[in-house]
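Before I ask anything, here is the structure I am working with.
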């Protein structure tokens, strides 16, 4: 078990290394002098010179990379061009907002969608199954930002249940925070239900074909004991991996939902950074999201043996 | 034909129908659209659906129906070129990795796994941040972002096919490795790759509209469903149809791709071929 | 009163589909054993599953009664049935690899039935389970309780499954091909254990099997099914000696016996393929921060196959027998030793050698390219012969297909439109189309039904007589080897334990392992021969 975990950890290290390399290379790929590019048109020559010195721009590229990586590891992501704030705390602040939305949405979606998919599989071919899979496929086909706009139209503007601007997600009280993230959470909850229901259903159908399910029935177990004691753990393993992927991918695509609800999250920070060519912010956001993605998948993989003891050998 | 229809079922037929409608609009757009999609008509500004403008007009008085039809053209063009690009890159790398194995395989797969460590849309955002927003840049960015999935599928198909006995039989009969790959391995990869390409078609349409919605995809005034949504957002209360219609189009296109993908997977699943 | 009686049972696919079982009736007395015998598609498994209401949809019980201890199970609802399942009727399945839950420790799986039906406490369950595990001779029963199924071999899992079912002392045990997936020696063990446990607990057994030979050794009464129709029933010995139905006759004829292979000429022939000290290592799993530990699959093997001769290579799964065959045709690199072909060092990649060395694989479902038609499959090797025109190739393909018994109408079919036996004929045609000097037959019949096995074995023998190729016949099945081999080599965990003429090996085995193997196989296959002679 420990060997399995160490092995999985060892696999993540080269990936993380290449991720940092790619993010580093990104800014170097901008045409022209990286320091001027990073500071934008309004920079004074002194500012450029200062940044050049701190980036070690006169040194060879590998050395620059090591300097940069050292800064990043010690939490120094540079300063934002827009307001000269340190990027690190800014990202952390915004990340908390985005992460709470994503985590809440995926957790709720999993709790509803996994059992729904299992029920659909158990009732394969019946009206229940067709209804569930139809709704899931429909949800899968609705883009999050449009569904968000529809929810905004109905619950925000029409019924007035929730504030239409989500800026309170960052600094408001607990209640204000909850009201601000309610609609984005609902949006992502609905969108992600689709893929989780479909995966859970497919995995359960595969499991229900297995002989050990018939064996469990032949023991005299009730259908609910067969489903929960024997099918659930085995069918949940692939769904679990998917949930990990969704968690990470959502963070990468959350900018659209944050735009719809005007939430000051990490995605919004990234997109605004791109608009204003605030490269330290862009670099920091991308690094953060990729890092979280790798780590989330690492954690998911490490928990995998719980559902499938075979892999831990 | 009848047997195929029965196998893919009504949902597959619906998927095929939606895809066909989309492609017809995309190809025949210029002949079907009643107006020039970028022609301004300020008198019709934010006009509700009427006889003159069947689906209404936007904040510049441009005809929505025409813009939606041309939007289909944009989506299909972007999706087709992006999928083609991702396929070319992915199949080439996947085949190389699966064919040569050893160190080449390991290097390609480490790079590929690292690329997969970026969620697709984030990778595209990163590339757009460097090169700036344009349709070409988006196609390249999405092509690169989606290629790793193709590499995975191609390589794993090649590796599992290599173990199959009919491929071994081809080696034993004396065929060169290249002949074996072209005659036996590649044709049998076509199934899984077709399923992937269909699904990817949907992902790309979604990613394109998301990027355009963020203002980092198809630049205005060219009509794309995503940037139409973004432009209409301030008028969400005055003219909700501006929001509803492009979203319905994106959903219909995605639904078509998803249903068609499911049907193809069932059709090509070896377990179904008894 | 009889324990179980099936009355005019009909099982149908859906409401308007075909009937997979038609009008099946039989009775089983308490404590007795009975077998339902048939080939694939005979409906035997469905009949067995219907007793416990475990038919997979869309299969359904269309008509008939299943009386168990006086109660018609067919008329019971799912709730009422669970009182019978496990408690009074136990069931053992074919695939030990998939019939235990991979995500649940063995102990928990074994206690489920006890807790459910007898309401025992955890402590009491544990006591009974440990006792039972000791009874079935599992090493370290304590450890077994906490272990997961993947930690055990197929034979062990099948014992554990038997134990878990017999813990409840059911009145009836339904065993669906319980030993088909196991090696000969293990098969023998599991069958013995099953009959012992049944006798100890006074349990009646309904055995489902395709193997009339094995059945004849253990079971008193038999019902033979063909395409869902019961064609014959009676005492096993009588059915075997005086089959009244033509199909039963064919089944009995298909039982391996030496006479079917004709007399063998044991004269030494000039060597065609010579292996000396062959070693094959598989790269093991790479351990983290450690070296790969190689697994030695073949360990210093010497073998000679003469021209026109068939050498049977017999061993259990994992013994390395398949690896040797694959090494000869160049599919597996050897890590030591020398191979010679026609007196020259063997270079599998040389074009002329390729033409002369061919292989027939075990699984006819995976050995044919699903996207090629039969004509293309059989004709493909000929494309390498640049001297042949398209017309020549066509002619040659027709000729070969005719030789292997494939009608011309099959040439345009795809593999999935053929039966297992027909596919194997295509694979044979592809192997011999360029008249090779040597063919490796890697378990060529083990995926096929008994009657088809016999036809394919006869075909291989015939083709060999006509074309005189040498053959390495790799198999776990002593019956098949006895029919086709001139000489036999026995392999155990990568080493050859004994080589000799067929009659020497089968009648005068020297090595202990060969004797055990033969004993296990003889008991299963030979009792009929003993009964008639």
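To keep things simple, chains are lettered A, B and C as they appear, and every chain counts its residues starting from 1.
In this section, contacts are C-beta pairs under 8 Å (C-beta built on N, C-alpha and C of every residue); 3 or more make two chains touch, one makes a residue touch a chain.
As the structure is a prediction and not an experimental result, all values here were calculated from the model.
Comparing the chain pairs A-C and A-B, the larger number of C-beta pairs in contact belongs to A-B.
Centroid analysis (C-alpha atoms only) places C farthest from chain B.
With centres defined as mean CA coordinates, chain C is found 49 Å away from chain A.
Taking each chain's centre as the mean of its C-alpha atoms, chain A lies 22 Å from chain B. In the complex of the two chains, the chain B residues touching chain A come out as 11, 110-111, 113-114, 117-122, 125-126, 128-130, 202, 206, 209-210, 213-216, 229, 233, 236-237, 240, 243-244, 246-247, 250-252, 254-255, 258-259, 262.
Remark: chain B residues 164-166, 168-175, 183-184, 187-188, 270, 273-274 touch chain C in the complex.
Interface of chain A with chain B (complex): residues 14-16, 18-19, 22-23, 26-27, 29-30, 134, 137-138, 140-147, 149-150, 152-153, 157, 248-253, 255-256, 259-260, 270-271, 273-275, 279, 282, 286, 289-290, 293-294. Residues 49, 52, 54, 56-57, 78, 82-87, 90-91, 93-95, 98-104, 112-113, 116-117, 148, 150, 161, 287-288 of chain C touch chain A in their complex. The touching residues of chain C, when paired with chain B in their complex, are 329-331, 351, 354-355, 357-359, 361-363, 366-371, 380-381, 384, 416, 427, 430, 434.
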